[in-house]
Amino acid sequence: MIKERLSEEVIAMRAAKEFQDGNYINLGIGVPNLCALFVSEDKTVFFESENGVLGYGPVLLEDEFENVDIRFVDAGGRFFWPKGGMSFFDMDISFDMIRGGRLDISVMGAYQVSQNGDLANYRRPNDASIGIGGSMDLAVGAKRVIVAMEHTTRDGQPRILTECTYPLTARECVDLVVTDCAVIKVTQEGLVLKEIAPGWTAGEVQEITEAKLIISEDLKEIEL
Amino acid sequence: MIKERLSEEVIAMRAAKEFQDGNYINLGIGVPNLCALFVSEDKTVFFESENGVLGYGPVLLEDEFENVDIRFVDAGGRFFWPKGGMSFFDMDISFDMIRGGRLDISVMGAYQVSQNGDLANYRRPNDASIGIGGSMDLAVGAKRVIVAMEHTTRDGQPRILTECTYPLTARECVDLVVTDCAVIKVTQEGLVLKEIAPGWTAGEVQEITEAKLIISEDLKEIEL
Amino acid sequence: KVWNSFDEVISDIPDGTSVCMYFWGFPGSPQNLIRALKNNGAKDITLIIENYIPTPLPPEMFVGPNLLAPQIKKLITPYYVSSARLSSMGMPMEDQSSAEQFEVEPISHGLLMARLRAGAGGLGGFYSPVGVGTILEEGKEKRIINGKEYILEMPLRPEFGFVRAHKADKYGNLTYLGVGRGSNPIMAMASEVTIAEVDEIVEPGELDPEAIVTPAAFVDRIVQIPPGSPGGHQHLTEQVKEILKIEWFRTPFLATKKQEAS
Amino acid sequence: KVWNSFDEVISDIPDGTSVCMYFWGFPGSPQNLIRALKNNGAKDITLIIENYIPTPLPPEMFVGPNLLAPQIKKLITPYYVSSARLSSMGMPMEDQSSAEQFEVEPISHGLLMARLRAGAGGLGGFYSPVGVGTILEEGKEKRIINGKEYILEMPLRPEFGFVRAHKADKYGNLTYLGVGRGSNPIMAMASEVTIAEVDEIVEPGELDPEAIVTPAAFVDRIVQIPPGSPGGHQHLTEQVKEILKIEWFRTPFLATKKQEAS
């Protein structure tokens, strides 16, 4: 039986629930970027983009494109609204901020995550393109790394593995994995299944997960 | 016979003759600072101070002290006039500028200089004080290091030596030494006596110099 | 320091040199210096660039690093996509594979910044926590410091830095606009010869000394982009509005409407 | 991030901690945080400071690092003069030798900057060309890289950074005034907990995003100096004019008239 997977928006909503008031956060391209749309209104968080801006406003919607200003573009190439309290700085300072541990959370996409928190997210094997970008720096530097991704590949292969088979971005860096059917915490003991999507059982999540999952004592349905 | 020594002002004038149009220059405390008063009017030079300012104006004279502004102080603690085109920056950038070779000239005082261009200028032996400051950085980083100093100590001991006996600031860094009786160039072959003060002979300069001097073929009187 | 022609300001660039520049989409890349380097024809260049992303746009609208592809011997970049790949993804562009035959040295954005910084400051090298356990450690020395593993990384000191700034004064002090700052300042600091193209050259004293980002000592040559011409802020802003009318560009660069989560 | 009291903002500083601060004469030193640390009484502090130069001035006029002398265990500084030395040179001040019994680790200004920078950016160490052949190489590893000798230097990551800025917005973005910038920005970046005292706290949006020097992510706590009170820009400016009426201070800090060279 094919269970219903959560949408990209719901994955982003769940990941955004991790944000705390006052956090400095970097969002990767794709699903992670959607998190910006789901920050609860009682929290003030600051988004940082690798190209040298902190505290920028919401991304322009498609019908706002007459307001495009080339001063205001994030690392993913998306235009944003300016916001009071934002600042621009040299990318050298941007990466000191990242590597020096001044970001509370980095939300990234991934191809694979291993049971000890290794991350592979910049390149498929045999791909001539190289997409390291700032991912290695963020993975090493951010206080918490949250991966937001689909639980399996398009052809149903597991992405959460005993060991990554794709080129590594960084070792033992992932703290939390939010997928379209589960929320998994990386611990010293291994991967702990904390939450599952509506209608799923822990066993069904394990079936599509290569790495062994430890079922949390307080396993619950994903809360948004 | 005691020959007349040049005044501090004349030493500074001679050192300032080395400045080329467009040069970026750092001046040390004491005689080097006086060089700023003697830049020829057909040249534009830019003074840099370690505490993070480039292109500042003249130092305030004593009768101008009502104009003191604590935004405008050089590394020696002297107040200066602001000047168009000046900039303020983080000291971290200031020392990248210095160490990265972006300064054309550093003029420094010294206790001792050796025949291979070693410099000792931050501490007398047995002195509890430590005055390294930015001297080691400037000595290593500036494209040219000019030492402006008295030729001998107050009690007549030579300062230009076979080897420095005071703690070193940096090895093989000095390019030119301007004293109160001579101008000496540091070369691969040794110290070359290029100019002497009015009334002095090369032999008389050698007498108060421990290191062996090579007499330049075009030895001449100091020109200002 | 003020030059009048982009072709002349880089006329001394030899074959086999190294050039660094910022490229990250529309803001902050040295459009006119890229064009001039194409005209110049210098070969066997080591190009150190933030992103190598080919653009299919007409050069009078916007040029990307792919304009220089035949002149590049080696690329040092954190982000490389070939024209063939973009073409296969549906971007309306020529496959430049025959030109894109250069060696690619991978790096991360942060490492590129740190290596340029080490070059700018005359350091001999540094120990990086980034890249441990990845392809970036291949062939490099590793070392445990205080129980943590690091990789020895070497400074980068490009022979030429092509910089895009907003304003310059005649001494060479620079300011930038928004994210067009990017890595332009560190590239200015790290390069042996730094050449800046700017929207406007003003008299010394017109820039706020507290707001100057790159002090003049790091800048060797400046050229003003003729007002209204390609690569200038105004022109580029107009071009981008045109470019965003093309479906292929609009989709990734503008967010779609907020969808209500189910 | 906004605190109302200097005593409270540092009340969690423990004995044995490390604190960095800028001190280079009148501009840019955290006068009120120094006073608060004195009140706090924390002991065995490693003080990382640009210059340790005692001041004989009454604390309500201007305080120097000597106010903290009895609390210091170790000093890391490029410039150290003891009160005894200044006293022997004729400066009208008490000999504080009994308090100035701390260990002094020498460093250069540039090395201090580079070590803080390495700390700020999470590097494991770096190779420095500065200090080779000097006391700074004692006990340190050396290495030849491309034929040049370097010393391995370690990052500095102070537990607390006391920063003096001009304006802050409520998020913690900072601007500075003139040479009062000094090493304040790099100290803000390098410290685990960065505390800034400022002349004015404004609403987010009031500072020009292009002119912010220290982005908010590097700043943990901010306190406004009450208008007109000691350590503030206006107060300090007035004090300096008084101080310069004292012969001992005027001579070194103001140039004498230009003398005609003979």
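Just so it is clear, A, B, C and D label the chains in written order, and each chain counts residues from 1 on its own.
By our rule, a residue touches a chain if its C-beta (ideal position, glycine included) is under 8 Å from a C-beta of that chain, and two chains touch if they have at least 3 such contacts.
From a predicted model like this one, the values you see are computed outputs, not experimental measurements.
*Asks:* Chains shared as neighbours by subunit B and subunit C?
*Replies:* D
*Asks:* Sort out for me whether A-C or A-D is joined by the greater number of C-beta contact pairs.
*Replies:* Pair with the higher count of C-beta contacts: A-C.
*Asks:* If you average the Cα atoms of subunit A and of subunit D to get two centres, how far apart are those centres in Å?
*Replies:* One centre to the other, that is 39 Å.
*Asks:* Using Cα averages as centroids, what's the distance between subunit C and subunit D in whole Å?
*Replies:* 35
*Asks:* Could you grab the centroid distance between subunit A and subunit C? Build each centroid from C-alpha atoms only and quote it in angstrom.
*Replies:* Using C-alpha averages as centres, the distance is 27 Å.
*Asks:* Counting only Cα atoms for the centres, state how far subunit A is from subunit B in Å.
*Replies:* Chain centroid spacing, subunit A to subunit B, equals 56 Å.
*Asks:* Which residues of subunit B are in contact with two or more other chains?
*Replies:* 88-89, 95-96, 99, 140-141
*Asks:* Multi-chain contacts only, two chains or more: what residues does subunit C have there?
*Replies:* Where subunit C meets two or more other chains at a single residue, that happens at 114, 117, 121-123, 129, 176-178, 209-210.
*Asks:* Spell out all pairs of chains that touch, sorted by label.
*Replies:* A-C, A-D, B-C, B-D, C-D
*Asks:* Once bound in the complex, which stretches of subunit D touch subunit B?
*Replies:* Touch residues, subunit D against subunit B: 24-27, 50-51, 77-82, 84-85, 104, 106-111, 113-114, 116-117, 129-136, 176-186, 213, 233, 236-237, 240-241, 244, 250, 252-259, 261-262.
*Asks:* Which positions of subunit A touch subunit C when the two form their complex?
*Replies:* Touching subunit C: residues 7, 9-10, 13, 33, 37-38, 49-53, 59-66, 68-79, 88-92, 94-96, 98-99, 118, 128-137, 140-141, 167-171, 224 of subunit A.
*Asks:* In their complex, what parts of subunit D are in touch with subunit C?
*Replies:* 114, 117-118, 121-129, 143, 145-146, 148, 150, 154, 175-178, 208-211
*Asks:* Residues of subunit C touching subunit B in their complex?
*Replies:* 1, 117, 119-123, 169-171, 173, 189-190, 203-207, 209-210, 212, 215-218
*Asks:* Quick one: in the complex, what on subunit B touches subunit C?
*Replies:* Within the complex, subunit B contacts subunit C at residues 22, 24, 46, 48, 54-55, 82-89, 93, 95-97, 99-103, 140-141.
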